[in-house]
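First chain A sits with chain B, and in the next complex the same chain sits with chain C.
Right after this comes the complex of A and B.
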């Protein structure tokens, strides 16, 4: 596959390196000439020392025949523009943007970027998994951002404990599809009885979180509800 | 009209002053409060320090019911992103983004954003002054296509179009 990587920071550098090791064709664009020369010294002449946000240089770097464009600069707005130019102007089938501000994820998806990688969100998710206060954890947004994958950590006092998964009343368009029990993931079957410590994975529209919370965690205490 | 201007640089502050004096409701946003030094002391609009690409900041600044949104920061991409938030998330009808890269300006006009390209604007002004005629490249590019999630924007008002021209040239 031909992958055009824009942004020669740490992420872009290691990404390009790994892709080459996996026998993909790679071009890396980095606008800082010194940094571009340094990368070229280390991994070979695949570096274009130009700004990947400029339409002219994207074209010269072969954007029109790229299978994938990965925009991994440190600036969200640059990554958005690179992906939109690639998608709309050069008909690239698959665009991937790095997003630093998690709030931009839904916007970028709405504006046509195919895949969004948010390191901030991943670290946040990892931290929140260790903090029991957030019993409902939003793992990922899908589609245009209307659907979410949500994890519910069942604890003592949850109305779902001891009940069969099929007996729970789920909001319209929301379904429970997997359970992680003792570190092992398995499909959540309707006759499976839920236990304390289970992590139930649900998919549904974002607005169903309140109902999910009621069913799996307990009634939402409006005053003390965590901002999930 | 309610006019939101992101970027209180030379162009942004000149337009803010002019529209405010003409009786419009003007909101100016900039990342740096020092930029607001360019606004005259009699400026009656609001000057908000904040990121004009951030939806929450724009809403807090009162941009959600604006009639016109001008993205005039130094960065093409910041302008593109701010303009798209304005058009898509806030539903503002008339959105203009300053995009100095002519290729990008044309591409975003195809996407339904009105783009103002200083590069071609100045090149044309110089050629006209020298009597060599215009270069044939558009400077204020009307949106030709429709934006990703919405309809094409209405053409710009004559007054606004004219003002943008005279300030830059």
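Right after this comes the complex of A and C.
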């Protein structure tokens, strides 16, 4: 497989190195000439010392025959431009972008980037799992990002406590499918009554967060914005 | 100092760039190799752009690449030495030369440095020579063309 990696920071460097070790053909684009030379010294003649945001140089780096383009620079704007050019102009089958600001994820998806990797969101998710929060926890995005798996940790005061799962009014397109009780996961049946400490797992479009919050956590505090 | 200053090498690799230096370095290495019966390999590397796969049929179809090797062979033959011509294609000439030197356990790698008349004329060292000097495990000779009225 031929992979074009754009961005020679830590992520790009280790990505290229791993891909080479796994016998893939790799070219790495890095606009900083000194950094490009340093990478070439360390992992070999796979570096094109040009700016991947310029179509001419993307073409020279072999974008038209790439199976995958991974844009992993530190700039979301650059990553978006690179993936868009790769997708629209060079017909690359799969584009992957690093998104540093989670707020840009929707835009990336809307503009056709195939896969989005958000280190910020991953770390945020990890932190949220370890901290007892009264908010919803977004565990993962599914498909092209239109659906999310969301966890609600039921606390005292939750309107769902003591009610059967089937009695809750769920937003359209959103369903509760599992509960984690005392560390054991089981399917959430309609007649199962919810208790304090339950972790309820839901799947639905991200827009259903507010309604889901109302049903499982309580009315949304307008002063505090919901978790992203 | 030793009475016989002839350098000792057993397997020499000559880098052919397709310029006027080629004949000079082939002749030089051939003259030195003849009395000691050293092996000579002459390599010409065709660089393949990233826009094409590395195994694209480029070098094999290149008449000029074949001519470069033929001329080197003829020069060596004239000096009564056998030379093995090798045509390679790679992403970068320097890396290909170093790899080939390692693969063949060459103990000498010889490159020419031609005088360039463009831009007022100079000995532009380019990328290949510094790469080879830095990375080749064997001895490296860089043979600079003499500055004569002809080359000026």
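Definition applied: the second predicted complex is superposed on the first by the 158 of 228 C-alpha atoms of A that agree within 3 Å, B and C clash if a C-alpha of one lies under 4 Å from a C-alpha of the other, contacts with A are read in each partner's own complex, and residues count from 1 in each chain.
By definition in this document, a contact is a pair of C-beta atoms (placed from the backbone, for glycine too) under 8 Å apart; a residue touches a chain by one contact, two chains touch by 3 or more.
None of these values were measured; they are calculated from a predicted model.
Visitor: Based on the superposed arrangement, let me know which partner A:44 touches: chain B (first), chain C (second), both, or neither?
Guide: A:44 sits against chain C, while chain B stays out of touch.
Visitor: Can A:80 be said to touch chain B (first), chain C (second), both, or neither?
Guide: A:80 contacts chain B only, not chain C.
Visitor: Return the chain, chain B or chain C, that is in touch with more residues of chain A.
Guide: Looking at chain A, the partner in contact with more of its residues is B.
Visitor: For A:56, decide between first (touching chain B), second (touching chain C), both and neither.
Guide: After superposition on chain A, A:56 lies in contact with chain B alone.
Visitor: Okay, in this complex, where on chain B does chain A touch?
Guide: 53-56, 75-78, 80-81, 84-85, 88-89, 101, 103-104, 107, 110-111, 148-149
Visitor: How about chain A: which of its residues touch chain C in the complex?
Guide: Chain A residues touching chain C: 2, 25, 27, 44-46, 48, 59-62, 64-65.
Visitor: Could you please specify the touching residues of chain C with respect to chain A in the complex?
Guide: Those residues of chain C that touch chain A are 49-54, 91-92, 94-95.
Visitor: Spell out the residues on chain A that touch chain B in their complex, using ranges where they run on.
Guide: Interface residues on chain A, with respect to chain B: 53-56, 75-78, 80-81, 84-85, 88-89, 101, 103, 107, 110-112.
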